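If you scroll down you'll find the structure; I have some questions about it.
Order of writing sets the chain letters: A, B, C, D and E. Residues in each chain are counted from 1.
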Amino acid sequence: MIQVRAFRDGTPVADDLTLGDAERLIDEERCFVWIDVTDPQGDEVDALGAIFALHPLTIEDAHHRHQRPKVELFEGYAFVVVHPLAMRDAPDGGELVDQELHAFVGPRYIATIRYGAEPFSLKGVEHRWLGQPEMLAAEGGGFATYVLVDEVVDDYLSIVEAFEDRADDLEDGVFEEPVTEDEGSDLQERIFRLKREVVRLRRFAAPLRQSLDMIQEEPKIAGSKLQPYYRDVSEHVLRVTELADNIRDLLTSLLEVRVSQVANRMKKLSAWAGIILVPTLIAGVYGMNFANMPELGWSVGYPAALGTMLLSSGILYVVFKRKGWL
Amino acid sequence: MIQVRAFRDGTPVADDLTLGDAERLIDEERCFVWIDVTDPQGDEVDALGAIFALHPLTIEDAHHRHQRPKVELFEGYAFVVVHPLAMRDAPDGGELVDQELHAFVGPRYIATIRYGAEPFSLKGVEHRWLGQPEMLAAEGGGFATYVLVDEVVDDYLSIVEAFEDRADDLEDGVFEEPVTEDEGSDLQERIFRLKREVVRLRRFAAPLRQSLDMIQEEPKIAGSKLQPYYRDVSEHVLRVTELADNIRDLLTSLLEVRVSQVANRMKKLSAWAGIILVPTLIAGVYGMNFANMPELGWSVGYPAALGTMLLSSGILYVVFKRKGWL
Amino acid sequence: MIQVRAFRDGTPVADDLTLGDAERLIDEERCFVWIDVTDPQGDEVDALGAIFALHPLTIEDAHHRHQRPKVELFEGYAFVVVHPLAMRDAPDGGELVDQELHAFVGPRYIATIRYGAEPFSLKGVEHRWLGQPEMLAAEGGGFATYVLVDEVVDDYLSIVEAFEDRADDLEDGVFEEPVTEDEGSDLQERIFRLKREVVRLRRFAAPLRQSLDMIQEEPKIAGSKLQPYYRDVSEHVLRVTELADNIRDLLTSLLEVRVSQVANRMKKLSAWAGIILVPTLIAGVYGMNFANMPELGWSVGYPAALGTMLLSSGILYVVFKRKGWL
Amino acid sequence: MIQVRAFRDGTPVADDLTLGDAERLIDEERCFVWIDVTDPQGDEVDALGAIFALHPLTIEDAHHRHQRPKVELFEGYAFVVVHPLAMRDAPDGGELVDQELHAFVGPRYIATIRYGAEPFSLKGVEHRWLGQPEMLAAEGGGFATYVLVDEVVDDYLSIVEAFEDRADDLEDGVFEEPVTEDEGSDLQERIFRLKREVVRLRRFAAPLRQSLDMIQEEPKIAGSKLQPYYRDVSEHVLRVTELADNIRDLLTSLLEVRVSQVANRMKKLSAWAGIILVPTLIAGVYGMNFANMPELGWSVGYPAALGTMLLSSGILYVVFKRKGWL
Amino acid sequence: MIQVRAFRDGTPVADDLTLGDAERLIDEERCFVWIDVTDPQGDEVDALGAIFALHPLTIEDAHHRHQRPKVELFEGYAFVVVHPLAMRDAPDGGELVDQELHAFVGPRYIATIRYGAEPFSLKGVEHRWLGQPEMLAAEGGGFATYVLVDEVVDDYLSIVEAFEDRADDLEDGVFEEPVTEDEGSDLQERIFRLKREVVRLRRFAAPLRQSLDMIQEEPKIAGSKLQPYYRDVSEHVLRVTELADNIRDLLTSLLEVRVSQVANRMKKLSAWAGIILVPTLIAGVYGMNFANMPELGWSVGYPAALGTMLLSSGILYVVFKRKGWL
């Protein structure tokens, strides 16, 4: 589905526009045109290619999802791929949904292609465009792209902070010693899955830094006035990747601690087994059927045997405690 | 076996050409010559060397397989080594077959040498050459090489995505807790083998980026019009290596999870052993042959002993559950 | 809360200044103005923005905590974010408190914004400003910032050295073999937590190097006379990060040693279990109720059986000791 | 021992030359002089220093083995250190022998110093010099050095490929499940030792790349005609290091798989122990000596007890199989 | 304690010099002055600062130990920090003693400050200065510094080679299978401690490379004639760090092998336990008190039971051997 919007001096013009209008308005001096395509059909992408005179490679790329986050500069326009992410609730604590978004950005236009069943909402982006009409009018595509990427990265920051909280929960879970085995094994799976999502987030975020550098290299699109803005987003991307790296390392350490906790408990169990085996041996001795076992006839034989069992276990208990085996 | 083809203005000329024709046509202005050698014999490679005036080192390299993926620029031509990969079905999920391919590329010719029992098929490559005759006519060897490498890298992408699916399957396998030991031990081997294939793919793919940069440094071979095309392949190579890195890390984590799962189960088994050892000790006690064991004469002695056994096991069970040891 | 101070030729002027005074004094030639905001309110930050003509992005950043340590150069001023750290006593050995601090630095002014319940104390910083009035008068904001960052980094150094001591304690704890299991499991948690704090410290310290490089790029703020000073702080930052890396590696190794110690003890316990199982089997044999067991009738049967038990255990003990299993 | 050879126009001159002849021939225009020292004595090295006017540092270096692989450029000559490697058969599969070799290379001479009990044989190198007299005559020391390094690196390639085969064998060994414990523990040691040799090979090979770059920086020694040759060796060095890295990673993974295989078997053993412990408990129960145990009097008591034992074991077996514990 | 020496044309002048003499001689043209301070007092450092017109930061640094190895260039002099290391004998194989040394180096003077209870001996350094009077006269501070750093790095080389030997010993220890448990656990600790010392050595050595590069950037201190000398030390530093890296990796692998050896032995012990548990069960069966157990009455019952026990154990033994569990 294609929607066409236009802004004259940063203010939206009447809403019912066609692709034909768009083509006309792009040439008008004070206008900024926004074409938004959701769930793109092949011919729609081709139509965009024709209107904006896109390079065949760009058109081919736009036909397919699963591009890396990137910015490619072509004669007169930039091709931008970002991966907005949404957090979908899941029983084990939320899963990332990739809402891939492609954009062709020229000095006076932006064309966005949004993929997926629940594409990235551009409401917030549009709201900020309308909130700074003078910037939209003066900087056009460069400003529009900045706002778009900034919104995406702000979502990344929220997500990475939510991940940080979940990692803290998992850490508490590990050190509070889980109540049941099921929880313990669940912890392990949750650590693994969170780590995977963190790595996934990082993979989408990290290439953006280079992308933002590339946009700034094209003065026709990102004028010098936009430089602090792009630097600011770039800084946020860096924060996302650093936090993601931290969380990943923390989770790796947690998994190691978990393994060593399990080993610790096995050691404890083995020590207890040792404590039980000794009186079992004593019982075995006095269960032997030799004709000539004087102790068996003693009146204090039985209590003495029980006492010996208790004593041996007690000694073992103390020794193991002292050695830190129990 | 040598096959010679030629294209005049991008359109194929009559098919029955000899090496002699090739030598003549290379000098013709609007012609592009393609010599394809499969299962090369020593003298065939030498013949190519003579026709294209290749450096002795290039000829020596072409005599041997097992070159690194690379591009080397010589006076007037480039020597290209790529490793197309095919996926051969195997009982444990597919194995990569290396179809090493060497090419000498000049402005107006390409000579391909294909190795192995099942060499890389150039049908798709030729199809795309024929589909863009104007590019083949204008850009010659640079375009032909781009198409060749692009096809190889497209195969890499398919393979790496297939690997991603297999890794997801393995992940499910690990967390669904395998039904039998055989499957469990099989998982481990499959994780290891997939990891090895991923590393192998990465090894063939990663050096291509530098290779593509080198080709673009030689304006006689890759004109500026080809730049976006080469950048595009380079981007795909990057995607392959990034995905490969991700899969490898995922598999490493999976193997760790697997080890900790095994440890977990041993802990559980140890706890169960502890639960059984205690009543065994009690039974041992009442199996002793002391003359004077009053409990043995009690009418409720036996049921009381059984009850004590059950009770002790029950208490241990509850304690272990609470401590998360079971 | 806003406090305004001013220094004429490096010497403090009368203390009761308002924001209005500040605005006037900034334009006065021999003056250096310091505005300090703690627990900033929205309108206070905006007021600073108006006085110093700050870029909207700077103002927006200053409204929010949780910025990365950074220096951003704008027209005529630098925006500095550092994270002073305080060590708060905690039962498991001290926790870092982040006292984020933002500063706007111009040639003749510095504005500091301090966050948190216990913001970073600037007493020491001010003391050093007053101690070198000629530097404050000559170098203004560049010198003020140097002193500020130097104080922060000095705290980092103290902290990292305290961490080093704690790591040494933990190392001793691991090799002295902990007396009780609780201590052992505690060691593990303490190693993990110290490692996390070290990583956190590193995360705050490392980006400062780049920040210090950036300030020196702006000659209006950091004159050439300040260069050795900035280089000196940069060197200290490097020392902090190197020590942090060392401690982290040491702790990782310690955790591994810990795991292998636990495995060692389990092996020992298993060997002891083996030593007990053999006489238990012998006892079991002579507890069998066969009618025809000649040994049972022997007068030396019982002592012989006991002797065999002792002997078998003794042999196992010696064998295991020799093999290093015990 | 010193041997002197000389080549006029690439062809060897009469063999019986002294150091004095060498000194004279170096100044002759069409001559190339080769001095070869094996098992060098102090005075021999000093003599070389005098003849070729070597820097005191070079002479000092040449007095000692255990130099890093390197090339150092001095006024008029290059000092080259390489470490040819030979594979010595050993019971556990071959060990590398370091045959350190130093060379001083000037435009018209090369002096080689070979160390060790079995120094690197220069037969192959000399053979190739004689095979390309025109190159030796035209390029002198640069060509001689190329051939020397190329021979060394070719050996590296053979070795690294032999290592690859051994790694494949070890992999098969791990997954075929070793027949005896001795083999299993041997595998571990062999993996470790192979890994160490691979790392050693890599350490000798990797610095060569930088060395080769350095030689090419000195046009007096390596003319532009030699550039493709040096690039070719450099490519081979890269292949050696890449293969070495791969093998090392593979071996590391193998060691991990091995650890997890051992854990798997212990789990299996623990499960079997559990299966035996339950009937042991039942036997213990009916071994108790209570006066009033009605089951003991039943005629079907004994077979029923045996049946219960079998049944309980059987149930455990099935449960463990289903849970993948066995 | 301060000692003043001076060299005229590289030859020592009369020994009894005061700081006042030093100040005078520095201005004399053919003189080189060396001031050596051990166990520095505050005022001594300040005095040096005054004589050589040192920057306040240098003076402050020199007041404190625990600086990073570094070279800082100031107007007219360089501030050098190195950490000579001595090996102190210790029960577990030697410990490194840090003998921090600071030096101020000008074209015609060097001032050394030595810290610690056993400061670094400069006998060897002075000996080499006297041995090359022409170099000391011509190159002054640059040469003096080269000799100083070269002596320090030579010690590093000796130490790293000693560490290599110890690592080889530890490797033998691991594979020879330690005789007693104490040795085994000791091995682990020794591996850990050696690794820590290696990392420490590396930390002191690695920054020297950058330091040496910095000195060479200051032509007033290190003239072009000294370049090969500095390059030579730099090469040695590289060798130290590479060897240190190798040893560290080797030790890490050793620790892993150690863990897997322990696991292997536990597996073996578990298998032996399994072999004992089966006859124990059989004994338990015939220890039951059922009235109706026909086997008990058989005359061959007892030998048959013993035979069954032996047989079952024998079968298990063979099976476990075949499966590689024993």
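Basically, a residue touches a chain if its C-beta (ideal position, glycine included) is under 8 Å from a C-beta of that chain, and two chains touch if they have at least 3 such contacts.
Everything numeric in this text was worked out from a predicted model, so none of it was measured.
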Q: Could you run down the chains that neighbour chain A and chain D together?
A: B
Q | Graph separation of chain B and chain C (steps between touching chains) | A | 2
Q: To the nearest 5 degrees, please report the angle of the rotation taking chain A's Cα atoms onto chain B.
A: 70
**Q.** Centroid distance [mean C-alpha coordinates] between chain C and chain A, Å
**A.** 25
Q | Euclidean distance of C-alpha centroids - chain A vs chain E, Å | A | 41
Q: Indicate the residues of chain B shared as contacts by at least two other chains.
A: 259, 263, 266, 270, 273, 277, 280, 284, 287-289, 293
Q: Indicate which of the five shapes (line, ring, star, complete, other) describes how the chains touch one another.
A: ring
Q: Take chain C as the starting point, go toward chain E, and spell out the full loop of chains.
A: C, E, D, B, A
Q. Contact residues on chain B for chain D in the complex?
A. 55, 57, 61, 67-68, 70, 72, 74, 177-181, 183-185, 188-189, 192, 195-196, 199, 203, 255, 258-259, 262-263, 265-266, 269-270, 272-273, 276-277, 279-280, 283-284, 286-289, 293, 295-299, 301-302, 305-306, 309
**Q.** Of all residues in chain C, those that touch chain E in their complex
**A.** 175, 228-229, 231-232, 235, 238-239, 242, 246, 249-250, 253-254, 256-257, 259-261, 263-264, 266-268, 270-271, 273-274, 277-278, 280-281, 284-285, 287-293, 321-326
